[in-house]
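Mind looking over this structure? Questions follow.
Per-chain numbering from 1; labels A, B, C and D assigned in written order.
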Amino acid sequence: MEHILSILIFFPLLAGILGFIVDKESARAYGISVAAIEFLLSLWLWFSFDTNSADMQFTEFLPIIKEFGISYNVAVDGISLFIVIMSTMITLIGIISLNEEKIDNMKNMIVSLLFLEMTMVGVFVSLDAIIFYLFWELSLVPMLYIIGAWGGPTRVYAAVKFFLYTFAGSLIMLVGLLAIAYLYHLETSVWTFNLLDWYQLDLSVNLQFWLFLALFIGFAFKVPMFPFHTWLPHAHGQAPTIGSVILAAVLLKMGTYGFVRFSLPLFPDASVQMIPMVIVLSIIMIVYTAMVAFAQKDMKQVIAYSSVSHMGIIMIGVFAMNAEGLSGSIFQMLSHGMISGALFLLVGIIYERTGTKTMSKFGGLASIMPVYATIFGVMLMASVGLPLTIGFVGEFLVLLGFYEVSPIATVLAGTSIIIGSIYMLSLFKKSFFGEVTNESNRGLKDLNAREITALLPLVAIVVWLGIYPKPILKPIDNSVQKLLTDMEYKARTPEAKKSIISIKRAKEEK
Amino acid sequence: MEKLVYIALFAPFVGSLFAGLFFARSPKNIIVGVVNPALIFISWLASVALAFHVAEHGAIHVTMMDWISAGALHIPFGFVVDEVSVTMMVVVTTVSTVVHIYSNGYMDHDKSFNRFFSYLSAFVFSMMILVMSDNFAGLFIGWEGVGVCSWLLIGFWYHKKDVTPDINPAISPSYAANEAFIMNRIADLGMLVGIFLIYWNVGSLQYDVVFKELPHLEDGILVAIAIALFIGAMGKSAQFPLHTWLTDAMEGPTPVSALIHAATMVTAGVFLVIRANPLYSLDAVSDVSYFIAALGTFVAFFAASMALVNRDLKRIIAYSTLSQLGYMFAAAGLGAYWIALFHLAAHAFFKALLFLGAGNVMHAMDDELDIFKMGGLKKVMRGTYLYMGIASLALAGLPPLAGYFSKDAIIETAFNEGTYVLWFALVFTAGLTAFYSFRQVFLTFDGEERYKRFGFHPHEMYRYVLVAMSPLAILAIIAGWFQDSFHEFIIKLLPEYEMSHHTHHNAWWLGLLVLFFAVSGIIIAYKKYARKGDKAFKQDKKVESGFFYKLLMNQYYIPAFYVEFIVKPYTAISDKFWAIDKAVVDATVDFIAKVIYKTGDSSRVIQNGNLSSYLNWMGIGAVLLILASAIAVVMG
Amino acid sequence: MYEFIAFYIFAISTVILFLITVLSKNVLYAMTSLAGGMVMISGFFFLLGADFLGVVQLIVYVGAVMALYAFAMMFFDTTKDVKEKYNSPRLVFLLGGLMAVVFVVIFSAPIIGENLQVASPITNGVGNAEAVGIVLFTKYLVPFEVAAIMLLVAMVAGIILAGKKMDESLTTTVLPLVDKESEDEILKKESR
Amino acid sequence: MIGISHYLILSGLLFSIGFIGVLRRKNLLMLFFATEVMLNAVNIAFAAIGNYYGDLSGQMFAFFIIAVAASEVAVGLGLLIVLYKKYNTLDLDIISTMKG
């Protein structure tokens, strides 16, 4: 199984192509089995992963265009490993949750999802800038199709907006990537797009600044950072449940992952220099979108905006420049994936039943659908960061780590635990508490076996990783510490060296 | 002994899972009603055994497993059973056991009987984590855990709909639950900041490491930590200005009010200050400590004043809880940590008893809470009358009941510290306390039987419930007698606090003064509210329309202020932000798209199909290119 | 001196003749003046010592190309003037004038190309035609052959476009939608 | 003495004349004439530069341009005839099928 990563990437592709000839009736079963195999493969990847090592593992290297140093180069470390596993898991759960009666043309849906899975895995394991960019852009296509084909009334507008927005950003990113390759060529007269080679590149602070900015735009559009976030509510509002789930759980993480994988190690000085800007944007993002979420009438929009708010927390964690914050932010990526995925699934369930997502149409659902309400409640508590759920670990670590950077900003960002609970609890109160206001809701059925199968694993993970995050946190922490040590070593300016706290120094101080 | 620690901690958890997982959807099941109290009782047994162990052999420290470790941060699930935590454990499990048994009777007819027990046991578990944890993060787990359980339990009757504040000041159980949770979260942010400060300055969150390191820190940081932690304590213990949730929390079932909002959870803030006594007794933070004492005194008086006029049985007790929490903070802030803890324990017993008695009354009166609709209940509810009388006497601080010893010690402390303003406020509040608690008792149990006019048919609570309450009644009477042995026990961990000779000298008249205030309060209450016949209590319209009455009745207009100046603006700003999001941020993007579309539209005219005009355009382009190259040549 | 006079005579006459070509309404005048202008241009080639090129200019342009134009004109009704609408005559002259000014400015400025490299120096003592032949069949052999093929292709294309089915338009002919058999039959019939 | 700039300026002027023709003419046949003018202008420039630098490449280019012009005329006229048959005119204002 040396080529496990290639298998992980290309198995869904192959299965997707084969999916075209699968019988319509059995498309969902086919999708579930493929996704399950893929998920098991990714688990196998975890078990054979050396958790004590912080290095890249399972490296595969195959030159494609030698003249320009473009190669098929994939590997995982602690940072990407779990995001890959999360992608395969969310895809599996998403396919399980698909309702045969509500989705016409199931076969196309399954095929799109499998293609999407390929691109997602590809993005997170690529170590070659061109291959990374390729998967990054390819991931837009199936999602565009999913929103455009199965979405709500203004799906085309939403899909095009989503596409153009992220595409515009990633083009600028591409320019940045090419510029790095060119600068590398200038320095060493070798063309290469290998990220690990790029890490050795020593750039002047000024150059770093501009390149950081170029990549920042590409990643920030995807995250989405304020003020580039407006495509997200549209996309979520129109996307089918499965689309929202994958969009929120995995696709948004590409942006923050990009920051960790590219911006930080390539431009340590610029990253430190840009911390104030990122702080300001992130805090606006956290507070402002949380307040916008409170004003929403539509359940799904609340969760969509809350996604943006939580991505803000992840962003400040990335720029905390210490092991606590960065590990926390990567953990928060996972936890946000699980929680927002589950919440979108839950909203999708009620939407399937009633055909509406407006909160005022509900009320008193807790007495009609107790199991549904319970699972929703668990996810809600995880979302507001209750200890012993997965949401707390990440949020706590991020805020803890960020406190070292700026106490005042941490307090401002920390208000998310207050306003987060405000909009979430008011959503819960409006929809689940009180009397049953809408008589037609009285006959609603509680969760069926299919939905429970999709949701229970998420609940289990949310609780398990809340109580015992160590198996995941430790590999992440190893890789993060290596990253920070490299950054500190590479940093040119004394300010940057001071801001980046790798673990070594933290211990020396003691 | 480790096993005992785990038994004490996890027995409630097992109970919660038992009721939650196996009986969540089934109707009332008596097995739950037996097993859950039994498990809590086991936890109590373990706690008592641990208490004896600790008294003899000292603290026990166990580490179960790692929780979070990242960077230099390592947080284990570690538990410490020392003098302070074991006191809390015993208090918590004692009250919990009684409340669990009591709930069997109180929730008898509720269709969510099993769910209630599941939540209640989960609360006990969280509270045990809170008191037993050996680090600040673990404390925070329990801190948030009790918050959630409180949210679940306040909103237990979630199906009730919202009403206007005129009918019910708390609007609805779910509203009150959210209010409580959000208020607590505000304070939790302060607490988190405290934790961050500790971590970045000490490098660990373990109590022992932190407390050892504290004296080496800068003064400014110490003050910041002290303030941040106290903000956390203010939320949980409902200190001004975060106090409004506590009275609204009375929407929850009465056993919940007894357990959570009187005896245990709200005292977590006091517990935190006691736990962090090495911090608060440092000279550098003496100002913060004094502020804690002053705020405590203020809240003691402030809450008591609101209790004077309230007509709602449970709210009066809630205000008295607030007021007593103020006493505890006053003691802790003045450095008398063991006295604060002693009052905490004694208060837990008699306040829980008071609430459970109130629950009996509610049960008898079909959930009616207005004490003006009661009166003369002592005939039908003799047992409850007795219990509530004892509890109120204890609360008023009459000897030889528990409250006398603990409260008197606090007042003496205030005198001893020379803070005479605080001292006098506390003495005066003691008088108020006696008045309002006996106003409530007399209005409920004595005087004319007004309830008949409203068609109530009160009846006494089940006998086994009354029996189950007896431990609390006994403790409310005798707890104070163990002051000296408790002092000896707790002083091993907490700093000693000794009265000066001067105070000793004056102790007898100080005590008498307090007693005088208390007794006069009771007498006034009796004269005003307990008569019959012609002299029976009449509502005084003139007084009720007076300024002070209205001010107190509306809780100094603080809830209204919050609604008007925080809730409404927040909602308005949120709506505005949403509008901005659509009209500015999103519209900007759409505008860019529109501009591109428009330029496309308008430049389409060029594409008119006429070859000649194409050639013209090409010509213009060619000339421009040539010009550009010419300029480049000239420049270059 | 002779060169000086010759240059100006040729220059003035080409400019005038070409202006007539461009501005005249009558096709016949335009074509005639074009032919005349080309003859004058061959004069420049002779002046520049490119005898071979001058001859080619005379043969190809004035001979072949002009003859082609003349034949082409027979297809069109040349007697009537094409009424041309000028949408923006000023723009046209402005652009043209601007271009001319720019060229003049550029070329009258000191020459930039002082350091131009000589690729195929003219061999002394060898006639121009001979020199051209040597270069053409050594260095430019492949382009030369390609040019030959191009001319051949152009010839064939010209013949097909202009010659085939003179009675109907080529581009508007649409084959009727028929099934394959009947299509084959039609082809067979045509081949017979 | 006649310098290279004389020839180049002349070439530029002739080119501009052709250019005006291209812009101005609506009759397709006349458009062809104008392009011929431009081609010839360029030929002069090539020949002049080649001469002044003693390089035969200029002449070679002019030579190939003549070849290209010849084939252009052959194909172009063929197309013109086809066009004329279809529209019965050569006026560009009437033949505007490329409207986007």
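As a convention for this text, a contact is a pair of C-beta atoms (placed from the backbone, for glycine too) under 8 Å apart; a residue touches a chain by one contact, two chains touch by 3 or more.
None of these values were measured; they are calculated from a predicted model.
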Of all chains shown, the one whose Cα mean is least distant from the combined Cα mean is A
Note, CA centroid farthest from chain A's centroid sits on chain C
Rounded to the nearest Å, the gap separating the Cα centres of chain A and chain B is 37
Whole-Å distance, C-alpha centre of chain A to that of chain C, is 64
Note: chain D sits from chain C at a C-alpha centroid distance in Å of 6
Rounded to the nearest Å, the gap separating the Cα centres of chain A and chain D is 61
For chain A, residue numbers touching 2 or more other chains are none
Residues of chain B that touch two or more other chains sit at 612, 616, 619, 622
For chain D, residue numbers touching 2 or more other chains are 19, 23, 25-26, 93
Checked against the stated definition, the touching pairs are A-B, B-C, B-D, C-D
So, in the complex, the side of chain C touching chain B is made of residues 87-88, 91-92, 95, 98-99, 102-103, 105-106, 109, 112
The answer for chain C against chain D in the complex is residues 3-4, 7, 11, 14-15, 18-19, 21-23, 27, 30-31, 34, 37-38, 41, 44-45, 47-50, 52-53, 56-57, 60-61, 64-65, 68-69, 72-73, 75-76, 82-86, 89, 91-93, 95-97, 99-100, 102-104, 106-108, 111, 113, 116, 118-122, 131-132, 135-136, 140, 143, 147, 150-151, 153-155, 157-162, 168-172
Within their complex, chain D touches chain C through residues 1-2, 4-21, 23-27, 29-30, 32-34, 36-37, 40, 43-44, 47-51, 53-57, 59-60, 62-64, 66-75, 77-82, 84-86, 90-91, 93
In their shared complex, chain C is touched by residues of chain B numbered 612-613, 616, 619-620, 622-623, 626-627, 630, 633-634
The residues of chain D that touch chain B in their complex are 19, 22-23, 25-26, 31, 92-93, 95-100
